[in-house]
Amino acid sequence: MAVTGSPELLIVMSAHATPDQIEDVVARLDEAGCAAYVTEGKDATVIGAIGERELLAALPLEGFPGVEQVLPILKPYKLVSREISPDPSVIDVRGRRIGHGWFGFIAGPCTVETRAQTLETARVVAAEGVTMLRGGAFKPRTSPYAFQGLGLEGLKILAEARDETGLPLVTELMDPRDVDAVVEYADVIQIGARNMQNFNLLSEVGRAGKPVLIKRGPSASIEELLMAAEYVVKEGNTQVILCERGIKTFERSTRYTLDISAIPVLKHETHLPVIVDPSHAAGKRDLVLPLARAAVAAGADGVIVEVHPRPEEALCDGPQLIPTAEFGEFAGEIRALASLMGKTIG
Amino acid sequence: MAVTGSPELLIVMSAHATPDQIEDVVARLDEAGCAAYVTEGKDATVIGAIGERELLAALPLEGFPGVEQVLPILKPYKLVSREISPDPSVIDVRGRRIGHGWFGFIAGPCTVETRAQTLETARVVAAEGVTMLRGGAFKPRTSPYAFQGLGLEGLKILAEARDETGLPLVTELMDPRDVDAVVEYADVIQIGARNMQNFNLLSEVGRAGKPVLIKRGPSASIEELLMAAEYVVKEGNTQVILCERGIKTFERSTRYTLDISAIPVLKHETHLPVIVDPSHAAGKRDLVLPLARAAVAAGADGVIVEVHPRPEEALCDGPQLIPTAEFGEFAGEIRALASLMGKTIG
Amino acid sequence: MAVTGSPELLIVMSAHATPDQIEDVVARLDEAGCAAYVTEGKDATVIGAIGERELLAALPLEGFPGVEQVLPILKPYKLVSREISPDPSVIDVRGRRIGHGWFGFIAGPCTVETRAQTLETARVVAAEGVTMLRGGAFKPRTSPYAFQGLGLEGLKILAEARDETGLPLVTELMDPRDVDAVVEYADVIQIGARNMQNFNLLSEVGRAGKPVLIKRGPSASIEELLMAAEYVVKEGNTQVILCERGIKTFERSTRYTLDISAIPVLKHETHLPVIVDPSHAAGKRDLVLPLARAAVAAGADGVIVEVHPRPEEALCDGPQLIPTAEFGEFAGEIRALASLMGKTIG
Amino acid sequence: MAVTGSPELLIVMSAHATPDQIEDVVARLDEAGCAAYVTEGKDATVIGAIGERELLAALPLEGFPGVEQVLPILKPYKLVSREISPDPSVIDVRGRRIGHGWFGFIAGPCTVETRAQTLETARVVAAEGVTMLRGGAFKPRTSPYAFQGLGLEGLKILAEARDETGLPLVTELMDPRDVDAVVEYADVIQIGARNMQNFNLLSEVGRAGKPVLIKRGPSASIEELLMAAEYVVKEGNTQVILCERGIKTFERSTRYTLDISAIPVLKHETHLPVIVDPSHAAGKRDLVLPLARAAVAAGADGVIVEVHPRPEEALCDGPQLIPTAEFGEFAGEIRALASLMGKTIG
């Protein structure tokens, strides 16, 4: 048997599969232009399938009679993988860099509430040496009765803060109909956790020509996060930053469980930079610093945190906001640890 | 102390809270137009807050110094709750009914692949007495390389199947920019699991004037599903059907874990009808019938299942599709059980 | 390539594996008395390993340099599998049967609190036609301050209830040092969810010569449950009943999420009977009946529920207990559904 | 209203509760020697209950008619809490310390396989400055066909390694019948993750007079871990070390999801030291160092890792073992980070 490629899929036939059933699977692979090699055994027959992974992924092989399991061997993502681009990417946002030794330190208000609160927060974080400003004008909220953000007006206030501080602006896009407005004001377009599998939105920002920050959905696997990035990169936009922000588990003492292992796993799988949002994972202010430190120590390329002059007056996520008065200490600890890890903030 | 309402929130102050900290919380409630009553004790002080739940939900009370925990007493949803509408709703879709004793039996292709496959499937399920036809023209896919549906062309084929069989059509809407096209062809607009917290899309279908079927997201809590429905109902559209289709857990022998308890829990909390999609939860054909039976026995108001003439040729979800040749037996079992449960299919 | 057995494991080497690394894996398999066949390809090399599955499971192949992943093909359980015993087992407990068409209806007190409460409950459930009596004398409790059961005294009260009603007794064993005492009084030894991976206890009851009921741990996979049963059967005791009772998930509206899919999955994998405990999964009385019905409809071989004359006075799990006054109605519904499913209660 | 204590529980009555139902709850509290104060409102009545928390925990208040929910205000643990002992504990094991600034660096073989492998590993880790030696003689294994450890013979080999290196020995106890043997050789008794809720075993080691290391179960909440420790401390043994080692989630790229947030949460709740086992959480060698670093940065009081001279020959957990040849580099990184965090290894 001459096998000229390597299998992308292994199809394990059940012990009771008939020769006809095995033949049917081979015929289907053949019909799709894929090669098959068959290894028959005492208890099971294994068919290795070789071909374009897109073609193979689309074949419903598990639906064939006699098929016990289908084992994918190669990963479903391609453009975002280390196999394609072994060297880590650096995302350059108006001179500020993330990835491959550059540490992105992103901070700012959770939500734009007022011009004063936004500018006050922006000035404090800028003075402490962060590299980008974050802030939300469109806010996805679980409750239709909660504050949904200031929309376009919020974007304008953020742009003012950006202009004053010189920091590039990261802000969320929720709706494909708002792409133009957000692109006009933002330097990095954020796709929020709840939209991580809003595939049309992903394709849209893939065509928008701006760096994209994708937050992992609370129930998305690491593989699904990489596939979300693949949607963006497939449209030609390779400037993608991935962000771990906690997953849903049974543990109730924190809002989400920060999946710290995602950092080294992602760094192994992809060339894209990986940052962490400790604020949303924790849901509690006291946990933000230890989780941010853990992220840096685990090898993250950056952190993104929420800051507010008076958290007790915030319209959204008050319990997790770092008060501006405490941000200097926070920034100092992050800088010390990033330095120990050999990272440059700049 | 005269308390004239009942508390919506209980704020438990830490054992070390100072009188000033307690005073600050009371002052903030007062400022927001809410009443507060304070019960001081040996180890903890508890503040009951009375006011509009929307106002209270927006207050960041957990962010106040000295606050140990904030316990919500009333549920965050309102319009979808039994408190507001104690009687179960019936959704009438062109004469076919779901809810309050009416059992919705929805079946059809996962995805429109060809006109022939769609019409063949529609005829089989119609002949077996289902009450609505399902079928996907826009398909959300984890991989950008997978088949994404036929789009508008698929809608037209589905409309033809609807016209021929007389069955109302359930189909998915993924993008707010497609609302008009989908409304033109669909009788029920489906919001898929991955879009359950696409809040703009929810508000949009709330204004579209058609019944809406919302699938629970794979990591959405029951409360979050109800809040998604609240987004639709808040826009004036009370014709909402909820659908349990499995949640993500550590168990790997099924694609998702069907949360069968969600049925009685939802039926207790809301007046809206609750149906189950056993096909997506299972991911395997052999499990679809037992899970569908379990759903009926647990009190579901309907089931939605995927059928295909030749699952082994399907472009999507082949392993979970019921072959048309076996659908008669499936339908017979569902009818027998629905009848034992006192439900009418009609 | 002459392959005389079928692979138990497939070892996928990384794209960058050197010939020496491939050779090392083959040599290690060889050394362990296992055969290896190698398929080299463009992007990956796959090694199929053939041998005793115990030997292969013990080899740390994932630790070898160059190994990308190790894919097990055959299941790790053996004696409990359908491959070994295709026909469903029937467990006969003093004339009452579970499995292969026989439906086990097990009910009784959660915990023995007093002689009066136990006898009163036993009489009610016996009068309604249940087939076995359950009751706890040793209670595993999360809190050391909670009621821990009456111990030996409780066993004696249960034995009295058994003698009066003629119903076989199911009761929990927590400690290998109590085996003799429990064996003296019990007809079925229950291994509780928290002890499902107490491997010494499992081996001990494997040698005790009495039927064993194993509850699935709240975080145990279906495969781990089957491996727990394998521990018992390996000691020569084939009389094992498996019990699904809910797993831990992010959903907070129920105590546990009843994994209803576990029933058909287990029935497919093993010849052992599978029952369901809806009381512990739900944690709320109103959910017990819908979940019990769902279990029957999904194909369970029995249910086990908790009953109390006055739940509001119960020392343990009060909220989930069915009042004796309502048990007749409960039993009637279960009987009707079991009959529709073709099961015999006897 | 004169309230002389603070409420331990808040009982929220349903909007439809009758005055008699409210009266019944108050009467039951009264009967149990607890005080009740009632706040009636428009939509709900809330009853605050004051009394011994053990008494209140045992009352099945959720089972009473008319009760909507029962909200515990105080934590169920007591002796392990910061409320009882605000200052962090230091556990001193033959002169090596963990807690309150002392960092415990524990390393050694996963399992004793041979005398040579154990002594070789012990010498390497001792030379790199670890503070305690770990090693397993009794191994809990999912499969009854896997290597179960050398038992008593293994303990003797570990004792030899302890004597030669002078390092205190941490080893696992699985069965209450082995307490005497383990106490004779061990300096710290480890309770493994699968036995975390083996309550009899916990009470037993509470009486054994040796420090105890409790690993968090893969599905145990942080609160359940603290309750497990409470079982030990209640017997008079306050020398307890808690260990986070990963929880079960839907994510499949790692064996478990290391719950890094558990560190700051536990440090806030309890005075007991908290360490992390990155080896078992990761299941892959490459992840051990980043996760160990993250643990130190998050504030852990120590780490426990597995080392082997030739991981590819290991009988258990080969893929996650650090080779002795790489342990020097590992130890160097841990020391640098512990130092930055202000910890002393000694």
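Order of writing sets the labels: A, B, C and D. Residues in every chain begin at 1.
Following the convention adopted for this analysis, contacts are C-beta pairs under 8 Å (C-beta built on N, C-alpha and C of every residue); 3 or more make two chains touch, one makes a residue touch a chain.
In this text the structure is predicted, and so the values were computed from the model without any measurement.
*Asks:* Which neighbours do chain C and chain D have in common?
*Replies:* The shared contacts of chain C and chain D, listed by label, come to A, B.
*Asks:* Give the chain pair, either B-D or B-C, that is connected by more C-beta contacts.
*Replies:* Here the pair linked by more C-beta pairs in contact is B-C.
*Asks:* With centres defined by CA atoms only, which chain is the most remote from chain D?
*Replies:* B
*Asks:* Could you grab the centroid distance between chain A and chain B? Build each centroid from C-alpha atoms only and quote it in angstrom.
*Replies:* Computed from C-alpha means, the inter-chain centre distance equals 26 Å.
*Asks:* Could you tell me the distance, in whole angstrom, between the mean C-alpha positions of chain B and chain C?
*Replies:* Centres of chain B and chain C (C-alpha means) sit 32 Å apart.
*Asks:* Compute the distance, rounded to whole Å, between the mean C-alpha positions of chain B and chain D.
*Replies:* Comparing mean C-alpha positions, chain D is 38 Å from chain B.
*Asks:* Among the residues of chain A, which ones contact at least 2 other chains?
*Replies:* 219, 247-250, 252
*Asks:* What residues on chain A touch chain C, complex-wise?
*Replies:* Residues 1, 3-7, 10, 12, 15, 37, 39-46, 48, 50, 69, 71, 73-74, 83, 248-250, 252 of chain A touch chain C in their complex.
*Asks:* Using the touch definition up top, name the residues of chain D that touch chain A in the complex.
*Replies:* Answer in residue numbers: 219, 221-223, 247, 249-254, 257-265, 268, 281-282, 286-287, 290-291, 293-299, 336-337, 340.
*Asks:* If you look only at chain D, which of its residues touch chain C in the complex?
*Replies:* So the residues of chain D touching chain C come out as 24, 28, 53-54, 57-58, 60-65, 76, 140-148, 174-177, 194-195, 197-200, 203, 217-219, 224, 227, 230-231, 234, 247-248, 284-285, 311-319, 321.
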